[in-house]
Amino acid sequence: MIYLTRIEHFNAAHRLFNAQWSEEKNVEVFGKCANKNYHGHNYKLYVTVKGTPNIETGFIVNAKILGRLIEEKIIEQIDHKNLNIDVPFMQNKFTSVENVIVAIWNELEQPIADLGSQLHKLKLEETPNIFAEYYG
Amino acid sequence: MIYLTRIEHFNAAHRLFNAQWSEEKNVEVFGKCANKNYHGHNYKLYVTVKGTPNIETGFIVNAKILGRLIEEKIIEQIDHKNLNIDVPFMQNKFTSVENVIVAIWNELEQPIADLGSQLHKLKLEETPNIFAEYYG
Amino acid sequence: MIYLTRIEHFNAAHRLFNAQWSEEKNVEVFGKCANKNYHGHNYKLYVTVKGTPNIETGFIVNAKILGRLIEEKIIEQIDHKNLNIDVPFMQNKFTSVENVIVAIWNELEQPIADLGSQLHKLKLEETPNIFAEYYG
Amino acid sequence: MIYLTRIEHFNAAHRLFNAQWSEEKNVEVFGKCANKNYHGHNYKLYVTVKGTPNIETGFIVNAKILGRLIEEKIIEQIDHKNLNIDVPFMQNKFTSVENVIVAIWNELEQPIADLGSQLHKLKLEETPNIFAEYYG
Amino acid sequence: MIYLTRIEHFNAAHRLFNAQWSEEKNVEVFGKCANKNYHGHNYKLYVTVKGTPNIETGFIVNAKILGRLIEEKIIEQIDHKNLNIDVPFMQNKFTSVENVIVAIWNELEQPIADLGSQLHKLKLEETPNIFAEYYG
Amino acid sequence: MIYLTRIEHFNAAHRLFNAQWSEEKNVEVFGKCANKNYHGHNYKLYVTVKGTPNIETGFIVNAKILGRLIEEKIIEQIDHKNLNIDVPFMQNKFTSVENVIVAIWNELEQPIADLGSQLHKLKLEETPNIFAEYYG
């Protein structure tokens, strides 16, 4: 079994905020991440698929085709967007990096299976000092 | 003459938008950067001062004190904020990386002079592939 | 299960040295790492916790609180220190990156459990070309 | 169990090409990677061994000795070479990153066992955006 | 005056070789860089333009348009190519990083002037440890 | 005129300390950098030479020969050493990054001139967030 990872980038605004809570409680829990006019990040997304190399190509997946799929399913929906407002697959969800990574998994798992490959892992960097990982 | 650089980070939301223009013209010129609900970045700010080493310390500037000054004058104003709305020194300015770097220079030049040092250069990275530099 | 990683930094001096051995044997095994007046590194520490997102916050752990705990339990003890002399949790241990990572695990495991979270993995970079990983 | 990783670098030319296929099919599948006069990369190789620390050294493996072994078995064979022509352990193989990582594993597994250590994982970065991982 | 830099990437094969010299002299001067079947690199190109911000956009240059121009004039000619054989603007030149950067300058200077901007500097990284800079 | 930069690394221990001052004043000015048992860093040294390409090689300097010279004059003296005790060219100097960069310049300027090249600039990174630059 070999694991192949392709990295993509997107830039997005968001805020951490629980609408059930008072402004004070939001600030207490989320700190400056609760800023009402949003802040933002350069996100870095690692998509890892697994498989065995095809004997005609040496590939477990054609990275160009994988890249186009990530572009269509994720980057076009999320890049230069507001995660709290604009992104179909983030509707009614807190935009913590934990929730974003699960939502991206749900968008990618079936389309990657349809390519004949298998999604193994996602990694999502929010800042140079914070990242999440998810295996489904 | 020796140049000493201290790097700081901030995360902010912004959009590129000219209120004098139609929505169509904004999208034509600014593309997805015009998204009305904002997007955002992890900005990386390089502050370079110049001078000759103090004979009692070997420092051209005490980097801890420089760090505190940048924190107070810039990071507290801009980190986890919306550049188009929340930042006092960006009021009524387009939030291009070129304009942000000039505005930061104007905030830092005098306070650094008051430390007995001299601001030489700023560098501001907006994404891994775009940065601005300014010498006043 | 989601994995969240927070990265922290510390700078420390150390030497590799077995007091039971002759100087010659120390140099033979440890090379320039045995230098008697020490050398040092910018260490980069990755702390990974695992869990499922809290439904009120979207967090598996509040990264601010995790950061404060790492600061108190590790960074304050080890940053700008000599690993062979100054660090309580490294007393009487060789200061190889393998031993440092195990000692940090032992300091963090219970306090992270007390937060209601679970330490999953540590990664410790000693140089740009050497790092250790540990899962307890 | 502790995991120790040493990173090495090599620069090589290659092309992706299936000699059984027409030029058109090669371009269709491999795109610009099929360029007949080759292109190339700065590869970054992560070699991870696992074990428990030796009580006399604190090491799971002496990283200097591991480095020399990787240098002799891999870097001298592959650095500043053409993967399709010059490298003994790549003869008659497609030079996809998936195939290169498996071939490097086969060269390193036994010699690392002969050091009394155990190869756990390889990671091979081909570009800043593509890497493979292999556990044997 | 503000300086704006856009970074682009290309992967290419090359060899260092003086056809006037014996094989021995080539190896003596160029070492493993003279390998007859080529080696290669992931090059990283920094294109810096200078100017004052346009009052309608805040831009000294539209980075999207600059990016398209670099793509057309440089990346399409040089990416996934052999610098010694395939690249029109490198014909009959040694492919040292010094020569490549001057050749890229000559391709970009006029087209950037035609955009109403001014090329200030190029930086070209050949490996993580070697780069060239050129100001025309 | 073309500028070529070669990057080298060294790891060293040091402390910031003025022996004329009380312990309290040292801590007040230098903070944790004054720790009496030292701390340390992974330093990254950028050596930039300038010139015009040789018509027989395309080089402004042979980077292999430049690398050997930096190794001999600097790295062998300073790597895995204590800057306050072990390094001949740092005797009786504060080991601030400003002083270290000037001392390295003084060691390299003449030997690089003897190669027929010209030292243009040094850059010395002490941590990921602090670096010095010097032009002689």
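Labels A, B, C, D, E and F are assigned to the chains in the order they are written; within every chain, residues are numbered from 1.
Keep in mind that, in the parts below, a contact is a pair of C-beta atoms (placed from the backbone, for glycine too) under 8 Å apart; a residue touches a chain by one contact, two chains touch by 3 or more.
Worth saying up front: this structure is predicted, and the values here are computed from it rather than measured.
Counted as hops between touching chains, the shortest connection from chain A to chain F is 2. To overlay chain C on chain E by their CA atoms, one rotates by 180 degrees, a value rounded to a multiple of 5. With chains reduced to the mean position of their C-alpha atoms, the one farthest from chain F is A. Residue contact pairs shared with B-F exceed half only for one pair among B-E, C-F or D-E, and that pair is B-E.
Two chain pairs, C-F and E-F, are compared here, and C-F has more C-beta pairs in contact (counted per touch definition above). Distance from chain C peaks, on a Cα-centroid basis, for E.
Copies chain B and chain E of the same chain sequence form an interface built mainly from non-equivalent positions, shared numbers / all numbers used being under half. A straight line joining the Cα centres of chain A and chain B is 28 Å long. Chain centres here are Cα means. That of chain A falls 33 Å from that of chain E.
The distance from the centre of chain B to the centre of chain D, each centre being the mean of the chain's C-alpha atoms, comes to 41 Å. The set of chain F residues touching two or more other chains comprises 128. By the contact rule set out at the top, the touching chain pairs are A-B, A-C, A-D, B-E, B-F, C-D, C-F, D-E, E-F. Within the complex formed with chain C, the residues of chain F that make contact are 9, 11-14, 32-33, 35, 37-42, 79-82, 85-86, 127-128. Residues of chain F touching chain B in their complex: 16, 18, 20-21, 29-31, 93-99, 101-102, 128-135.
The touching residues of chain D, when paired with chain C in their complex, are 1-8, 48, 53, 56-60, 62-64.
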